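Dropping a structure here in structure tokens format, bear with me for questions.
Chains here go by letter, A, B, C and D, matching the order in which they are written, and residues are numbered from 1 within each.
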Amino acid sequence: MNFSLYDFTPFNQWIDKFLHSHMSSFWAVAVEMTIIGLAILLFYALVGLFLVYAERKVCAFMQNRVGPNRVGPYGFFQTIADFIKLMLKELVHIKNADQLLFNLAPFIIIIASFMAIAAIPFAKGLHAIDFDIGILYVIAVSSLGVVGILLAGWSSNNKYSLIGAMRSGAQIVSYELSVGLSLVTIIILAGTMQFSQIVEGQANGWFIFKGHIPAFIAFVIFLISSTAETNRGPFDLAEAESELTAGFHTEYSGIKFAFFFLAEYMNMFIVASIAATVFLGGWMPFHMGGWAAFNHIMDFIPPFIWYIGKTFFVIWLMMWFKWTFPRLRIDQLLTLEWKYLLPINLVNILIMAFVVLMGWHF
Amino acid sequence: MNSFFKYFSEIFHGVKSLLTGMKVTGRYFFSPGEIVTQQYPENRKTLKMYDRFKGEVIMPHNERNEHRCTGCGICETSCPNGSIEILQAKIDMPDGKKKRIIDKHIYHLSMCTFCGLCIKSCPSDALAWGQEFEHAVFDRAKLTKILNKPGSSIIKDIVE
Amino acid sequence: MKEVINLPVKNIEEEEYHINMGPQHPSTHGVLRLVVSLQGEIVKSLKPHCGYIHRGIEKMCEKDTYPQIIHLTDRMDYLSAHINNHAVCLLVEKALEVEVPERVKYIRTIIDELNRIASHQLWWCSFGMDMGGLTCYFYGLRDREHILDIFEESFGSRLLHSYYTPGGLMMDIHPNFQKGVKDFIKYFRKKIKDYDDILTGNVIMQARTKGVGILSKEDAISYGVTGPSGRASGFACDVRKHDPYGVYDKVDFKEILGTEGDTFTRYMMRMHEMRESMKIIEQLIDNVPAGDYTAKMKAVLKLPAGEYYQRVEASRGELGVYVISDGNKTPYRMKFRSPNFSNLSALDHMSRGVKIADLVAIGGSLDYVIPDIDR
Amino acid sequence: MDNAALKERILGLVPGAEFQENKQFLTFIIPPAKMHELAVSLKNEPDLAFDYLFCLSGVDMVKFLEVVYHLESTTFGHQLVLKVRTEDRVNGAVDTVCDIWRTAEFHEREVYDLMGIRFTNHPDLRRLFLEEGWIGHPLRKDYVDEVNIVEL
């Protein structure tokens, strides 16, 4: 296969060499980090804004509506207008709130999602850092967000917020397990935890096809539990707007609310990109065995487009869930995890191990 | 063993019911022709209210600036909210008698509940429903309207 | 100076955790305040606080003539405005012993049922929203729009119509009315399948509502819970069947009774009722007799001195109008027995020991309209 | 049970009951002291079985205050109206019936709030619509409120 067309590695190496030849290695690394940081920040903001717009459009179409269509063509700049509005809004000062934690909570949430995005490979050579234990790192970091939610709920001095935060604590601790185990299923198949190698391993077929039944089950479980982990409907118990008004972020306003809002969408983007990377081949093009011409055409589509396309497909699936299903109750949420997802997951790992052992995968 | 099958049939039926629901939303997602939203300010030109639409109470005037209101005050008494006030004036008739006629028919749109009793009770059919529905104004005083136009007079053939 | 509050030291396990649901809360559908005592997520008891939208309609009625009262009744249960109007009209007609033309009875029955469907559609979508399925809200409103269009074409307004008058109707129905209604029935028979697909059959919805908020038949009668909520408990309380008015005695419809008395049964009762209402309309819409649209009435209506009571089946239960007349053109005392008021009184009983999420579902299934509670 | 038999039955239960002419319902005026006792028998006697209190209203007749109970039996379908009068406009009190018909709890609170009739033994007799500390009872005929009531 020929991926050299869109390989970013030479480009990266060229920048690296260029910087090192002009300054000391400390400053070179510092400049590189700044560039990467700024690039990710920009990407983060753009994706966040776009996802908010996309969600509003998707839900509007599912509900026989038009959705935002006033600001810009097809309402494309609606979220930018919203963002400006949120920036200008008053930050409500809460009496008797724990000021330090109250102000810290949105940053914890946003930093957690920010850290997770660093390990995700967008294309060949286009990732901030390629850990040996990439999957483990992403799982660990993305579960930090719950600390922010708990702090937000606790420090707001609001009863709704507290209930929402406690619900979210129980929820994320439980569903973290399923997310991890469903990824373990694929780790067994891939034999590695490094994202770049997982993607390389899917050059001749995505894992969801290679691992057929157990991989598909793992994909479905991952979708369900990652939806739950990102606090999205039908698992949005922490917000539960018809019960707890807005749950843990009831008391937040202005830019702090915008952080929560943005982090929700970025978390969704992160889990969707993990799903795309691990199950749907990441930036690997879609290939059909034996169709050389077809495969060649597919290769010409840049890997970044493949990656974004797959990610947005998963995000669309998650939006579809949210805008169709009613919300679960807290006990049913835990029943679903402990009585259904977890046992199925464990059996599924066993099946996957057996499949890999017998070489029944493609 | 029975509970084992029950466990899986529960999962199966649950997933099936979820997919049925997703089919509905998915179908609407891919059929933008079913969108029902009205693009309100844009469709102002084509927007036509039904002919019986109760927008506001008006007093129709003919081309000679004549209305049918005798100023009898039945609408004022039949209004449950006091949204109609009638100011009468006395004029000297050619034959020397004094006659009461309407001076101002004041209509407080802000107090009207659109029950239609004034229009129904009017003996000379002087009032009617208007089609105007964009009543938002910046000053509350603008919601108090005088229904008889300035300089208007009563149509000759109306007798009290 | 900061105020120092000395709270009594209590065992934290025993201490009750109160939250105010409302007066501004998404699930109370208006300005109702429920003071809920919680233990964790479990509701120990709740106290409804009403009156945030109390307008003193009963006091205002004492100043108004009978035709004027009609427009006030619109504003009680605004979702079944026609049915409220019907109650007062029937009462005045009964007191004055006026025989209204057959045409009026037919039209009133059709419009009542249309109003009932519209009300249940709004209930369905807000129930879906209470459960967290926001999409339901738009489907319900989309279909309700068709009924409101029919109403607007015939009576000029969409929500508060004041269309019935004592003795008949404000004006005759629009020539397009019958066609519009028939088109709507055809349309809605298709769309109601969406309702079943997206919410009724949904496993999450069923798990959340089955066996939750059970109200036994005895309790339903004792609390006076009527309408679909009462019938879900097996309380045969359909006034249309037991004390027929309009032309309900001439049409064929079932009074569907539930047995469970839980939230899901209350949900199903309303879904059945929409279908039954469509059946009633289909039987009547082609048979509206020709004739006058109002009986001959005096200009000033004075009810003979005495007491009158009229009950009708509003979309949420039995609406009673109790009038004491002293022979004047205004009533001496007017009392509305509103269905939501009695239904709300059972909420505390039903929601003890359930979770907050269930409380929202129970409230949604009772379908309370706050202006009707407060009046 | 038809109205004639029902009338005999009620008069048998409460000899002091005063029959009142009414076209629609069988109406009795019951002495306040007997009301609770009668209500218990109406609910529990198998041939009466008045289990559904469908309306409870307070009426200010200027000379006296009145509580009107509209009762129905869901098994037999017969209906009955009971009235209890009290002439004391300040502390007038009637026995509660909310231990017999639970719906009365809210209705009695409403009557207390708007008409000012107290109900003895009521578990939670507070104002329902108006705030605590509201002066007067708005549905009384002698209630004046120059701010909120606008005379047309």
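Observations
The working rule: a residue touches a chain if its C-beta (ideal position, glycine included) is under 8 Å from a C-beta of that chain, and two chains touch if they have at least 3 such contacts.
Keep in mind the model is a prediction, meaning the values are calculated, not measured.
Closest chain to the protein centre (all Cα atoms averaged), using per-chain Cα means: C.
With every chain reduced to the mean of its CA atoms, the largest distance from chain C is reached by A.
In whole angstrom, the spacing between the mean C-alpha positions of chain A and chain C is 45.
Chain centres here are Cα means. That of chain B falls 41 Å from that of chain D.
Chain B and chain C have Cα centroids lying 24 Å from one another. Chain B has its Cα centroid 51 Å from the Cα centroid of chain A. For chain D, the set of residues that touch two or more other chains comprises 152. Shared interface positions of chain B, i.e. residues touching 2 or more other chains, are given as 18, 21, 24-25, 36.
Across the assembly, chain A contributes 62-65, 323-325 as residues in contact with two or more other chains.
Chain contact summary for the complex, chain C toward chain B: residues 64, 67-68, 70-72, 135, 142, 145, 152-157, 160, 162, 165, 170-171, 174, 194, 197-199, 201-204, 206.
Residues of chain A that touch chain C in their complex: 59, 62-65, 159-160, 163, 167, 233-234, 236-237, 240-245, 323-332. Of all the residues in chain B, the ones that touch chain A in their complex are 11, 18, 21-22, 24-26, 28-29, 32, 34-37, 39. Looking at the complex, you find that chain C touches chain A at residues 17-19, 25-27, 41, 128-139, 142, 198-199, 202, 204-205, 207-208, 355-360.
Per the touch definition, chain B reaches chain C in the complex via residues 13-14, 17-18, 20-21, 23-25, 36, 50, 52-54, 78, 80, 113-117, 120, 129.
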